[in-house]
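You will see two complexes here that share chain A, one where it goes with chain B and one where it goes with chain C.
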Partner chain A sequence: MMYEYFKNLESSLEKKINETPKSPNARKKYSLEVARIGKRLYSGKDKIAWTGIGVPFDILNTMGITSCFVEFVGAMLASTGASGNFIKEAENTGYASDSCSYHRAILGALSQNLIPKPDFLVGTTLPCSGGLAVIENMARKFKKSLFVLNVPQEDSLQNIKYLSDQLKDLVNFIQKETGINFDENKLKEGIKKTNKARDLMIEAYNLAKKIPSPVDSRILKDFGIVTALMLGTDAGIEVAKAYRDEFQAKVNSGESGVKGEKIRLLWIQNRIQFRYQLEKWMEEEFSASIVIDELNDITWEKIDVDDPFTGIAKRIISIPFNGKAEKRIEHLKFLAKEYKIQGAINPCNWGCRQGTGERGLISDGLKEIGVPVVNLEIDCIDQRNFAEGQVKTRIAAFIEMISN
Partner chain B sequence: MLTNKLVGFTCSYTPLPLIHAAGYAPYRLFPLDNSKDSAGHILHDNLCPHVKKILDRGIDNNTPEMSGVVFMNSCDAMRRLFDGWRKARPNDKAILIDFPATSDDSAINFFALELSRLWKELWEWNGRVGDLSSIKQSISIYNDLYSLFSDVTSKIRKARLKDGNLKIQELYNKASTEPPENIIPILKNLQASINSALDNDSNSVPIFLFGNVLYELDAFKLFNDCGAFICDDDLCTGSRLFYPINITEEEDLFLSLSKSIFSRSFCARTFDPKYPLKFAEDILNKAKACNAKGVIAHVLKFCDPYLIRLPIVREILKENSLPLLVLEGDCTLRSIGQQKTRIEAFIEMLR
Partner chain C sequence: MYYLGIDIGSLSCDAVLIDDTKKIVASSVVPTGAKNIEAIKRATHEVIEISGILESDIKASVSTGYGRERVSNRIAAITEITCHAKGIKEVFGKIDVLIDIGGQDSKSIRIDSNGRVIDFAMNDKCAAGTGRFLEAMARALQVDIDELSDLDHGSVGNVTLSSMCTVFAESEVVSLIADGVEVKEIVKGLNSAIASRTSSLVKRVAPELKGLSVAMSGGVARNNGVVRALKEVIETNITVYEKPDIIGALGAALFAMEKSM
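And now, the complex of A and B:
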C-alpha cells in the first residue's frame, strides 16, 4: 500500500516537472525526492535503516543505505490524514497520550505492522529522550541490531573526538550488519556533494532574507530537516540548486513570495503536518509571510573531505536543539535579526519537551531583542485536537499587535 | 569530611563521592510540595513535575544555602531543569554534566572525562585545588554507606518487618540531604537492633516497586495500609542511590567511578543497545528474585523514558503471570492518595 502510494506520487511529480522543464520547480523536486526515499523504504529491495534525527545521512547514503528518521513517518501519516487512527492505536496499546504525537503515530503504525523491517537501526540522544526510546522499542520489535550515537552537548575538542570516534564505530557496525564494505573514496565524494548542497542552501537562505522575500510561507516547510536525508547525494544538490535558482529568479524580477509582503514571521521548530491552510490564510488575510523556519539554517562549517568524521561530528553538535537552551535561543535571535522578522510563532507541539518544554525561555529570549512570540497549543500531528477558531483568533490578535 | 557546605543535586546518576571529596555535603533537591507553583512561566506544564517542583523551590528561594548545583544531562527534563535554574537563579553556580545513554566502553571513558571536568569545577567553586586522595576517602565512605544500606534493607525485607520500608525510605531521604558521616552511625545502630526495632508483618502481599521519584514517607505508609509489603525496589530515590564503587591502584579514579556508575541499576533512559528493552526483563528478574506476587510502577507524568517503555514491561510481566499496576504521579501526596482504591484493589486481587 505505502509502496504504491510513493510510486504514484513519484510518477505524478515527474510528470508535472516535465511539463515545465525550464522552471526550477523547487518544491516539486523536493517532494519528488521525498517520494523516492519513501518508495525505497517500502520497496523491500533496498537496505534500509530507521534512525533518530541527528544521524549523519551522508555516511549512510554513501554506503548505499536508505535511511530515515522515525519522526518522518509521523509527519507523513499526518499529511495523508491517517495519523489519528495510528495515534489511537498506540494509546490503546498503552502508550501515554502525554508523549509526543510524532512518536505515538509511529508506535501505532509499528503495532499494525505498517513499518518496513529495517536492516538495522541507529538512535541518537539528540534531540530527545522520547525519540531514542521509540528507536529502542523498534529494535526490540524487529529483532534488529541497534547502534546509538551519544551526542555531547558542547563543541569542545574532547566532545568532537568522542563523537567522531562513534561515527567510525557506526561505519564498522553498518559493515557488520549489512556486509557492505566501507569505501573511503565514496565517502569523500559524498562529502563533496554535502558541501556543494550546503553552499547552495546557504545561497538560497541568503536570498530568502531579502526584503521582500522571494519565499512564500509554504515553499520551505520542513525543508532543512528533510533535506538532511539527501546529504551526500546528487539529489541533495539538485534540490538545493532548484531552490537557489527559484529564489534567484524571483529576486531578479523583483517578485515577492507573498504579494505585498507586510509582516515577516519566524516559525519555531516543526510546522503543522496535517492538511490545513494556516499559512495561506495568513498570507491572504494579513500579507504575512513565514520567511524563516528555525530548522532552515546551516549551523556548520564546510566539512574537510580528508577528515570527514571530525567535520560531521562538529555538524551534529552544532544543531541548535543540542545541549543548553541558551544555545538554541542565541540561534533564534540570530535568525530573527538576519531575516528582519517582526514576530515568531511557536506551535508548541503537545508532548514535545523541546518546542513546548522550552517555550518560556524562548519567549523571554526573543523578547530581549524586541521580537514577540505567540505560543500556540497545537498538536502538529494529531488533527483531532485542532481548535481552528482558537488558533486563528490568537494569530489574528498577534499580527494585529505587531502591525501596530 | 564532615561539612556544612552544600552542593545541590537532582538526579541519582550524580557522582556523590566527588561532591563529598571536594569538601561539600551533597544535598538532594527533593521536589517538595511547599513552594509556590511558579515554574510554569519558565517551563511548560507538559514537563516532568519533578523538575518543575524543584524549579518552584529555586524560584521561591526555598532551598538552603548551596555553593552550587550539579545537574546531569540524563533526560530532556533534567536538561530543561538546568536551563530553568539558570534563568531563575542566574547568580548560582551550576554545571550540566553529560551522561551517555548507553553503557559501552567509549561511553564509560567519555563519562570519566566528564567526571574529571566536574571535579575541576567543584574545586573552582571552592576556590582551592583538589587533592585526588580525598576521592579515595570519600569512595570508601560511600562504599560503607552502600554496604550498610544493602545489609539493613535486606534484613528488614527478609524479616518482613512492619514499617520497615518506611524506615528505609526515611534513611534514604536523610542520606540524600545530609553528609554520609551522619547516616552511617544511624545505620549501624539499626543494623544491631533490627530484630527488636520493628514488628513482623506476615499478612501483607510482597510487591516489587520500581519507577523514578518516590520519596514521600506517606506514600510508603499508604502501601503498608493497603496491605502491600515492598520486598524490593528500583527507584531513583531508593536503592539506586548507592552502589559499590571498585577502585584499584592502577586505574584512573574517574574511570573507576564511571565504571561503577555504569554498573549500577539504571533508570529507563540508560540501556545496552545489544539488548533492547532489557530493562523489562531486568524488572521481571528483580520481581521474581524477591518473590513478589505483583509489581507496582510509580512513574511521573510526562516521563518519556518510562512511559514509552512501559507497554513492553507490561507485556513481559503478563507473559510471566506477574500483574502490574501503573501509578502516574505528580510529586504530590494528593496524587498518590487518589490511587488508594486502585492499590487496595490490586493487593486484594493478589491475595
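And now, the complex of A and C:
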C-alpha cells in the first residue's frame, strides 16, 4: 500500500515537473526526492535503516543504504490524514496520550505492521529521549541490531574526537550488519556532494533573507530537516540548486513570495504536519510570511574530504537542538536578526518536553531583541487535538499586535 | 453618523452603537444560542431599535469575537484581544492590564498608554475558569448563573476545590452539597479556584503588578464574587465597567469609526 502511494506520488510529480522543464520547480523536486526515498523504503529491495534525527545520512547514502528518521513516518501519516487512527492504536497499547504525537503515531504504525523491516537501526541521543525510546522499541520488535550515537553537548576537541570515533564504529557496525564493504573513496565523493549541497543551501537561505523575501510560508516547510536525508547524493545537490535558482529568479525579477509582504515571521521547531491551510490563511489575511524556520539553517562548516568523520561529528554537535537551551536561544536570536523578523510562532507541540519546556526561556530571549513570541500549544500531528478558532485568534491577535 | 461593533462570542453576542463623538448610544447583549447568524441579527436589530436610528445611518461596522468572520457587511474583523484593549482604554483611560473572561476563553492583556496591545496570554483549550465553567457550576448548585455573583457572602473560605476540570469540579460540587457543605463556602471555593487560575495568566503578561492599573471585562466580570476573589489573589484593585460584557463590542465600534475616517 505504502509502496504504491509513493510510486504514484513519484510519477505524478515527474509528470508535473516535465510540464515545465525549464522552471526550477523547487518544491516539486524536493517532494519528488521525498517520494523516491519513501518508495525505496517500502520497495523490499533496498537495504534500509530506521534512524533518529542527526544521523550522518551521507555516510549511509554512500554505503548504499536508504535511511530515514522515524519522525518522518509520523509527519507522513499526519499529512495523509491518517495519524489519528495510529495514535489511537498506540494509546490502546498503553502509550500515554500526553507523550509526543509523532512518537505515538509511529508506534501505532509499528503495531499495525505499516513500517517496513529494516536491516538495522541507528538512534541518537538527539533531540529527545522519546525518539530514542521509539527506535529501541522498533529494534526489539524487528529483532534487529541498534547502534546508538551518543552525541556530546559541548563543541570541544575531545568531544569531536569522541563522536568521530563513534562514527567509525558505526561504519564497522553497518559493514557487519549488511555485508557491505565501506569504500573510503565513495565517502569522499559523497562528502564533496554534501559540501556542494551545503553551498547551494546557504545561497538559497541568503536569498530568502532579502526584503521582500522570495519565499512564501510553505516552500521551505520541513526543508532543512528532510534535505539532510539527501546529503551525499546528487539528488541533494539537485534539490538545493532548484531552490537557489527559484529564489534567485524571484529576487532578480523583484517578485516576493507573499504578495505585498508586510509581516516577516520565524517558525520555531516543527510545523503543523496535517493538512491545514494556516500558512495560506496568514498570507491572504495579513500578508504575513514565515520566512525562516528554526530547523532551516546551516550551522556547520564545510567538511574536510580527507577527514570526513571529524567534519561530520562537528556538524552533528552543531545542531542547535543539541545541548543547553541557551545555545538554541542564541541561534533563534541570530535567525531573527538575520531575517529581520517581527515576530515568532512557537507551536509548543503537544507532549514535546523540549518544545514546551523551553518556551518561557525562548520568549524571554527573543523579547530581549524586541521579537515577540506567540505560543500556540497545539498538536502538530494529531488533528483531533486542534482547536482552529483558538489558534486563529491567537495568531490574528499576535499579528495585530505586531502590526501596530 | 453611527458606528457599530459586534462581538460574537460562544455564550453571548454583544452589539454597541456609537456616534461621531464616540458616545455609546445603544448596546445590547443577547445569547448566542445555536445559530450565531440569528444572534448577530438580533443584537444589531436591538441597538437600532433602542437608538431609534435607521440602519442606513450606520456608516461602518467591525466585528470581533470567535464568530467575527460570520458577520456580514463589516469593514473589518478584528480579534477580541485588540478590541477589548481599545474598549477599555475608551472607558477608563489608562489601564495596564486587562483581564477578560468570556464564555470559553480567558485572556490577560498588557496594554500600553495608547491602548495598544503589547502582550497577551490566553487559556489553553480547556474551558476551566471561563463562563462555561461557571454555567456548569451554577447547574450543579441548582441556581441561576446571575445568582452566583453574591452567593459567597459571609463565607469563611474553608473549601478548596481539588480540580478545575469542568467535569470533575461539577461532580465535586455535587459531593460537597451531599456532604452538607454550605453553598456560600462552595461558591467561595469555586471563585478562589477561578481566581488562582486566572492569576497565572495575569502573571504571564505582568509578573509584577505593583503600580499597574488592572481592569476586568467580559461576562464573568459581572460576577462580583469572582472579581473579589481575584483581587485577593493578585493583591491589586480591579476596576470593572458597569457593563463589562460590551467592552469588546465597544472596541470594535471604535475601530469601525477609525477605519472609516
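Here, the second predicted complex is superposed on the first by the 404 of 404 C-alpha atoms of A that agree within 3 Å, B and C clash if a C-alpha of one lies under 4 Å from a C-alpha of the other, contacts with A are read in each partner's own complex, and residues count from 1 in each chain.
Just so we're on the same page, a residue touches a chain if its C-beta (ideal position, glycine included) is under 8 Å from a C-beta of that chain, and two chains touch if they have at least 3 such contacts.
Since the structure is predicted, the reported quantities are computational estimates derived from the model, not experimental observations.
Applying the stated contact rule after C-alpha superposition, one finds that A:Cys100 touches chain B and leaves chain C untouched.
Touch criterion met: A:Pro372 reaches chain C, while chain B stays clear of it. Once the two structures are superposed, chain B and chain C can be ranked by residues of chain A touched, with B on top. Using the contact criterion defined above for the overlaid structures, shared-chain residue A:Gly84 touches neither chain B nor chain C, since it reaches no partner. Shared-chain residue A:Gly389: touches chain C; no touch with chain B. Judged by the touch definition given at the top, the superposed model places A:Ala139 against chain B, while chain C stays out of reach. In the superposition on chain A, contact of A:Glu400 is made with chain C only, not with chain B.
Common to the chain B and chain C interfaces on chain A is no residue.
Partner chain B is touched in their complex by these residues of chain A: 93-96, 98-100, 103, 107, 123, 125, 128-130, 132-134, 136-137, 139-140, 145-148, 150, 152-153, 158-159, 162, 165-166, 169, 323-326, 348, 350-354, 356-361, 364.
Across the interface of their complex, chain C is touched by residues 372, 377, 387, 389-390, 393-394, 396-398, 400-401, 404 of chain A.
Against chain A, in their complex, chain B makes its touches with residues 40-44, 46-47, 73, 75-77, 79-80, 82-84, 86-87, 96, 98, 100-102, 106-107, 110, 113, 268-269, 271, 273-274, 276-277, 301-302, 304-305, 307-312, 314, 328.
Partner chain A is touched in their complex by these residues of chain C: 66, 78-82, 105, 116-120, 122, 124-125.
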